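Accompanying notes for the structure given below.
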Amino acid sequence: MGLRSEFTVGIVDTTFARVDMARFAIEEVRSLRPSARIMRLTVPGIKNTPYGAKKLIDAGCEGVLVLGWVGPTTVDKISYAVASMGLVMLQLQTGIPIVDVTVHEDEAQHHRELVSVAEDRTRKHTKNLILLLSGDLSEHAGMGLRQGRRDVGPL
Amino acid sequence: MGLRSEFTVGIVDTTFARVDMARFAIEEVRSLRPSARIMRLTVPGIKNTPYGAKKLIDAGCEGVLVLGWVGPTTVDKISYAVASMGLVMLQLQTGIPIVDVTVHEDEAQHHRELVSVAEDRTRKHTKNLILLLSGDLSEHAGMGLRQGRRDVGPL
Amino acid sequence: MGLRSEFTVGIVDTTFARVDMARFAIEEVRSLRPSARIMRLTVPGIKNTPYGAKKLIDAGCEGVLVLGWVGPTTVDKISYAVASMGLVMLQLQTGIPIVDVTVHEDEAQHHRELVSVAEDRTRKHTKNLILLLSGDLSEHAGMGLRQGRRDVGPL
Amino acid sequence: MGLRSEFTVGIVDTTFARVDMARFAIEEVRSLRPSARIMRLTVPGIKNTPYGAKKLIDAGCEGVLVLGWVGPTTVDKISYAVASMGLVMLQLQTGIPIVDVTVHEDEAQHHRELVSVAEDRTRKHTKNLILLLSGDLSEHAGMGLRQGRRDVGPL
Amino acid sequence: MGLRSEFTVGIVDTTFARVDMARFAIEEVRSLRPSARIMRLTVPGIKNTPYGAKKLIDAGCEGVLVLGWVGPTTVDKISYAVASMGLVMLQLQTGIPIVDVTVHEDEAQHHRELVSVAEDRTRKHTKNLILLLSGDLSEHAGMGLRQGRRDVGPL
């Protein structure tokens, strides 16, 4: 599961999201892997992200970040389930890793907190995807890592 | 992800819906892309829309709008989940984008409001599909766009 | 999406159902398309209906009616979701339309009403399948048609 | 959908179950079809049953009984949904009928009642599978048959 | 369903987990099958485990343990459902057994208890996978075995 030094990362984001999370993701990729190529595709909402990820994989991406945003209602949670299932199915079809960064509008009480969650989760999961593409997250196994908030640590 | 100037858009709608949403979709396509061809297939209800979308894709559509209508009960929401999952699976099979415009009968208190939601959501998502087929929604990424109601904007 | 004058309709029903809905479906097919052939397969319950529909499609049916019956518990609703998902997947695999007529035991308070729902829904959806096979439901699009009860009409 | 006189039935059961339901299933098969061969595979829990059923189908079984046991929590019900979906998908892949006998630990108040449900449901569904393999359940269509408890009959 | 004496077991675990469950799994494999090879892949969270399991199967593993950890919220339970469904689909694709060891953060009140659940469940399910690969769990069928806590026994 090694990776050649120049590789291509895909980023799928949405117009539904209320934070431009792709900006943080691009910064992280540029910082961690300056030689990496980035392809980005913006779709309307979370249910369109499996389509977006497929397009990027078909276009040559070796790993994909999906930056989703989910509303607070039951219907929104159903859409989250459907999108997540699609992303899993796509990984089983292609063998390409997809890490989804999903922010739920009801997981914070204030806008500022939600922005902070979105940034932290995007940055950390971008690192996770890079590490996954490099084949090695095992030194952090069972460490209670969290994205969006502080790590809770091992028990 | 470019698109030739003449392309074919599919529209799937239902007899279950209480608003003829296809009318708005057709108007938008005609206005945005006068040279586009439109194929339409009407099915009974939301669970039949994956079949309808498949038929239109098999007939040559390069993008599909699905105009669904969902009742207020738990069974209706299950049907929404099933139909949505089918549409995602179809996109993974074919690589053709499908944007679904779903109106939930319990998301407004008055009929007039529901009609307004249906029209606004249909028009905006028709534009989204056209933009998606042209490959470019990234200038609106993270802008908190909403369909059916006013945009909520970025945080 | 035309259809030759002699075609084959499949009917899947269950021993779990408390009304012999297939009788109504057969009457409707005989009345609307006297030359149509009918194949019927009875399975134990709703979760077996995707298997039944597949068998009928493999045997040459060009469209399938699924006559399901669902109990009132959460487990019953899960079974409804699973069966529905299977029927959607089968349609995506085969391109054959499946219209499911599902009666939920908790959607009426009295037995007589439930029988009436079952008959009305079966007859109307049988017509829907015939129309769908003939390619044309668009004149009823957005008309708020309902099966099992009276149409609610457009808004 | 006929069946040769010697056929092979698969039985998948679990170590999670609290009743040895396979015993009843084997008795029924032996009684109804003395010439049938039986293959059995025991897996840990319900989520492993699609794997088990696949193994038995790959090994030549023409029909499979799945004897599942489900706990009372929400997580258990999710596992039931997942396993059921897997069994439906496997039937769509293979065309082999799978009848699942699922006992939910919260569907009876006393242990004795639960054992009785498990035995009755297993015996009746074993018959159902045999009938299904022989192609004929239609004489019982719409009769309100139940497994685990007394039939409720037609309305 | 026999197994050659040297075989390869895959272990997928996560950085989200708060206990290094892989340690227990490795100990058990080493103890039960000293000649077995072990491949391990650590992914961020439970929704990435189907990808991880696929990678290990593609790399030659004959059986896979998935060590998941699930938070207490509704969204966490949806993620559990999605991951589980992916693992079932992967088994249907490949015929390779996957046993998932899932610890839910809300299934114990104290940290110590949760650690104990995680260890017990991991050890027992590791044995289950080894037995499953050897083809034989039927002597424990219907015995009410539990992982994470004491067996509840047959009724």
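Note that the chains take the letters A, B, C, D and E in the order they are written out, and that residue 1 is the start of every chain.
Rule of thumb we're sticking to: a residue touches a chain if its C-beta (ideal position, glycine included) is under 8 Å from a C-beta of that chain, and two chains touch if they have at least 3 such contacts.
Small disclaimer: the values here were computed from a predicted structure and weren't measured.
Peer 1: Determine the set of chains touching chain A that also touch chain D.
Peer 2: E
Peer 1: How would you label the chain B and chain C contact, same or different, if same means the shared numbers make up over half of all numbers there?
Peer 2: Under half shared, hence different.
Peer 1: Quick check: how many Å separate the C-alpha centres of chain A and chain C?
Peer 2: For chain A versus chain C, the centre distance works out to 40 Å.
Peer 1: Quick check: how many Å separate the C-alpha centres of chain D and chain E?
Peer 2: It comes to 25 Å between the two C-alpha centres.
Peer 1: I need the residues of chain A touching at least two other chains; which ones are they?
Peer 2: Residues 81, 85, 89 of chain A touch two or more partner chains.
Peer 1: Chain contact topology under the given definition, line, ring, star, complete or other?
Peer 2: ring
Peer 1: Taking the complex as given, what residues does chain A use to touch chain B?
Peer 2: Interface residues on chain A, with respect to chain B: 13-23, 40-44, 47-48, 50-51, 54-55, 58-59, 74-75, 78-79, 81-83, 85-86, 89-90, 93, 111, 114-115.
Peer 1: What does chain A use to touch chain E in their complex?
Peer 2: Spelled out, the residues of chain A in touch with chain E are 1, 77, 80-81, 84-85, 87-89, 91-92, 95, 97-100, 104, 125, 128, 132, 135-138, 140-147, 152-155.
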